[in-house]
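In what comes next, chain A is part of two complexes: it sits with chain B in the first one and with chain C in the second one.
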Partner chain A sequence: MANNALTLELKGEVEDLLNAYVQCIDDDNLESWPDFFTEECLYQVIPRENHEVGLPTAVMWCDSRGMLQDRITALRHANIYQVQWYRHIISNPVITTEDGDTFNVQSNYAVFKTCNDGESTVYNIGRYVDVIVRDNGVLKFKERTAIYDTHRITTLMVIPV
Partner chain B sequence: MNATTPPHLKWPANADHTAVPYSVFNNQEVYDLEQARLYNGPTWNYLATEAELPEKGSFKSTYIGDTPVVVTRGQDNEIYAWVNRCAHRGAEICRERHGRSEDGAYTCVYHQWSYDAKGDLRGVPFQRGLAGKGGMPKDFDKKQHGLRKVRVVNYHGAIFGTFSDDTPDIEDYMGEDVAYHFKRIMHKPIEILGTTRQHIAGNWKFYSENTKDPYHASLLHLFHATFGLYRSSQKGESISNNDFHSVLWASGGTEDESALDDMKKDKLRTLQTGEYELQDMSLLAGTQEFEDNVTLVILSLFPSLVLQQIQNTLAFRQILPKGKDEFELVWTYFGYKDDSEEVRNYRLKQFNLIGPGGLISMEDGESTELCQNAIVRDGEYTNVIQMAGKEASGDDHLVTEGLIRGLWKGYKELMDF
Partner chain C sequence: MSQTPENGATLDWPAKYNEVPKEVFEREDLWPLELEKIFYGDEWHPIVHQSEIPNIGDYKAAELGEMPIFAVRGQDNQIRIFQNACTHRGTTLVTKSSGNKTEFECPYHRWLFSPEGDLVGCPNSREFTPDFDKKNFSLPTFRTEEYNGLYFITMSDTVAPLREYLGEEFYEPLGRILGGDGRLKFVGYQKVHYDCNWKAYCDNDGYHAPLLHLAFKMLNWQGGKGVQNVSENGHLSFESELKIPDDITALKDASILDFKGTETSTGSIVQMQFPLTVYSKHMDMLNIRYAFPKGPKGIEVHYAYFTHEDDDDEMIQHRIRQSSNLLGPCGLISMEDASIFSRIDKGNKTPGNAIFQKGVKSEFQLDLQVGQNDESGNLPRWEHYRKLMGFKRAES
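Showing the complex of A and B:
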């Protein structure tokens, strides 16, 4: 893929988005999480075993910012789960762009989960495959697919990765 | 209490099936007896869908209880299953979750003993020695050293296996109503849409109880209530067959295209209780695909399967015990082969409701762990299972624990407790 337009400045801009995204989740600032996406978007968390054979079933699958908001409302007011915190570690991303406005980005991630008993565990490992676009001047996710290797989810998944 | 009941398992006298001692959920001896008497006993265990074994040579690795089992489609197009353990020295033969054996052979990597899809031993390297040295004894008979075989049945596209010769015919095992609802969902060829897996730190029977428990549905799972999506008109029934198999069904009457408008109207009526509303109602868009207008079916086939329809979501949930205090729940999601793209998309979006991240199902794993956490001691204490009386039977409503009483009635009989 051509990478004609990728400048250090643009690279920094993309990296800022990736970092701000995980900080938002890890700081439990989840009401702001949908703002990282364009109004029409695709967010999915899909096991690698489905993705690699072309099966579409995902654990979370949202195709609008409204659906992302509904996930958070349910998490805050409907779903029952034990207290838990995420800590994301993300790799340096591989970024390609042709025009400086649309970016195809891939990065690895690890999510550690800590519950009330104080034990931190490796909860979910995978990679993000993103399409990032400029929306009113601001970079946002048009698509964010988290393809996870840890295909046996511990207990449940309520907080987005 | 029978002679075969472990002494620590103090089943209360005269309680019928309304009280179960907690030690049944966290005792190694009980767990081992279950593997022997239930999973190796006269039960049918869900193994796979036929759709996962599409062609000659297809295979899938799974379990009966905690025993590793491989399901295969042979060169004769028949389906077979065998314990995934080489007859030679006990090594695991098949190391992939699923795939296809081009030549129909299954070869242990350790000493390359080779088997066919039926589990019969076909090849033993150096059987006659090398250059006159070594080799197996002259009376070594390959026919005597096949894999441990599993009797299988293909019931309307689902493959079940049993180790016992005493297991009744699958439809007799299920019972009439369970068979009816099974066939209702599996009434035409299915298409697999994916798999998810959940690891839950609780005894598998807490989950069995959960799937026979309509009492908790509106109390634990608050998604519908929170968004004011509750339907007061829900009709339903809880049905028990042969004690430990069951069906819960409910009809919502909201699954056609006009459902969204109806729900919005409903929400107005319940606004005083619901301060939240869905930003994107398309989550609940769907189609009424069954003429009976039933929108929820939880079919629980003891000991290892739940077959479910929730709105347009269809899935097998396979319960795999992994020890006395943990189990894995494997979700296999499907639609029908003749689904239009529109219907398929309804299903994919509605999968947000079920599975490990399911907006209305994620709490089931949580509830299982809540119980397991609290019963580490006081194994002689019992729970209380008395909603809708003391009978181990179904009801024409959903405010009951009758199916759970049925579970324990059947369990005690089969376990000889």
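Showing the complex of A and C:
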């Protein structure tokens, strides 16, 4: 793929976005999480098992920033679950761009979950496949797909990955 | 029926029909007996819908109790369900959860089976026993019945045919969940592991939903009027009017709650088939929850979602969007079921009985007439379980 436009500066800018995104979730600043996306966006968390054979069902599937905000509203005000924290570890990303404005990015992630009883577990492992664009000068996710290898979700997923 | 279980596992059952001893969720020695009396006994178990394996050679692995099995669509377009074990030395034939194969080769000694289950090749067979005949080594199958494309199996020779086993009050609504004619298209799984005994998962009843799910309240969405039908052999079927919330201020994007279907008078159906399968039609979602106990502790549930072959593109997209957001382990309106399962499981390590209240008219009599949101709908299932397990009820 043509990758003429990727400069060190742009690479740093994309990496900053990826890092800020997971820091936002892990620091429980979830009200700010939708701001990482463009107004029209697609965020999905989908099992690899479905994705590989073209089955579209995901476990989270938001196609507007409003739906992302609704996820957080439900998490804060409606859903009942054990208090839990995530720690994301993400890999160095592979970045391609043709024009320096739209980036196709892939990175691996591991999410460790710790519940309020102090027990830490490997919770969800997968890769992010992203389309990142410049929105009023700032890089945002137009699409973020988390494709997880983990065969089954343990108990529930309330916090986005 | 004998009141003395063969493996010696006994449990004193309370005299009151609305009490269930908590140790029934915790005792590991009950599991072998549950396998024998329930999973390998006189019950039917749904394994696969034809739309999950639409092409010749498509297969799906599953379990019946602890027994590995798989369903496969043969060259003749027939679906068969086999034990997942080579008829030679017992090696499993498929290891993936699903896939496509035109033949099934055992990696151990290269015995080769067709998708119709016939042994079609085995190297060095001249050195086998003198009367060896491949015909005697086909893959063992099960007594199988199909309903609207859904395939059920049983290890019992004596259990009633499926329709009679389920009863009309269960059979007919199930048909509607299965699209009315079985012409469904499969659109994917959500798989989840719950950290509880399989019977705690079964007690997930219609009574808790309006109380537990604050999301319903937040969405100004209370269930419509309806009925709960229960059968003596433990099946439950809820049907209710689908009430579309009209004023949703809590959501920024309420399009997720649109209803694009037509039928609302009994538009919401939830069914629990003994021992542990849930079927549902909520809004525009068609869902089968295949459940697999992982021994006495832990249960894996595979939420399978469907569209209908007659759906237009907009409806397909809408069903997938709802399925991916409302139900299952990450569903806005259902995820807390899971956290309750874990907490029930921890709490059940305390002594005494779990006590059912709502809808119980007499503590000393089983009642099959239950209201829409009565938790007493669970009691016939518990009584069926108690009888199958041979546990003696205390004198009142």
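To be clear about the criterion, the second predicted complex is superposed on the first by the 161 of 161 C-alpha atoms of A that agree within 3 Å, B and C clash if a C-alpha of one lies under 4 Å from a C-alpha of the other, contacts with A are read in each partner's own complex, and residues count from 1 in each chain.
Definition applied: contacts are C-beta pairs under 8 Å (C-beta built on N, C-alpha and C of every residue); 3 or more make two chains touch, one makes a residue touch a chain.
These figures come from a predicted structure and were not determined experimentally.
Asks: Given the alignment on chain A, is it a clash or a fit between chain B and chain C?
Replies: clash
Asks: One more residue to check, A:Glu143. First (chain B), second (chain C), both or neither?
Replies: Neither partner.
Asks: Tell me the contact category for A:Ile80 with respect to chain B and chain C: first, second, both or neither.
Replies: Both partners, chain B and chain C.
Asks: Name the contact category of A:Asp135: first (chain B only), second (chain C only), both, or neither.
Replies: So A:Asp135 meets neither chain B nor chain C here.
Asks: Taking the superposition on A as described, I'd like to know which of chain B and chain C A:Asp26 touches: first, second, both or neither.
Replies: neither
Asks: Taking the superposition on A as described, I'd like to know which of chain B and chain C A:Glu98 touches: first, second, both or neither.
Replies: The answer is neither, since A:Glu98 touches no partner chain.
Asks: Examine A:Glu13 and indicate which partner it touches, taking first as chain B and second as chain C; both and neither are also allowed.
Replies: So A:Glu13 meets neither chain B nor chain C here.
Asks: Share the list of chain A residues that count as touching for chain B in one structure and for chain C in the other.
Replies: Of chain A, residues 45, 47, 49-50, 55-67, 69-71, 73-74, 77-82, 151-158 contact chain B in one complex and chain C in the other.
Asks: Any idea which chain C residues touch chain A in the complex?
Replies: Residue positions touching the partner: 97-98, 186-195, 212-215, 217-218, 250-253, 256, 300, 305, 320-321, 323-325, 328-330, 332, 335-336, 338-342.
Asks: Which chain B residues qualify as touching chain A in the complex?
Replies: Against chain A, the touching part of chain B is residues 97, 192-201, 220, 222-223, 225-227, 276, 278-280, 282-283, 328, 333, 348-349, 351-352, 355-357, 359, 362-363, 365-367, 369.
Asks: Using the touch definition from the top, list the residues of chain A that touch chain B in their complex.
Replies: Residue positions touching the partner: 45-47, 49-50, 55-67, 69-71, 73-74, 77-82, 151-158.
Asks: Using the touch definition up top, name the residues of chain A that touch chain C in the complex.
Replies: 44-45, 47, 49-50, 53, 55-67, 69-71, 73-74, 77-82, 151-158
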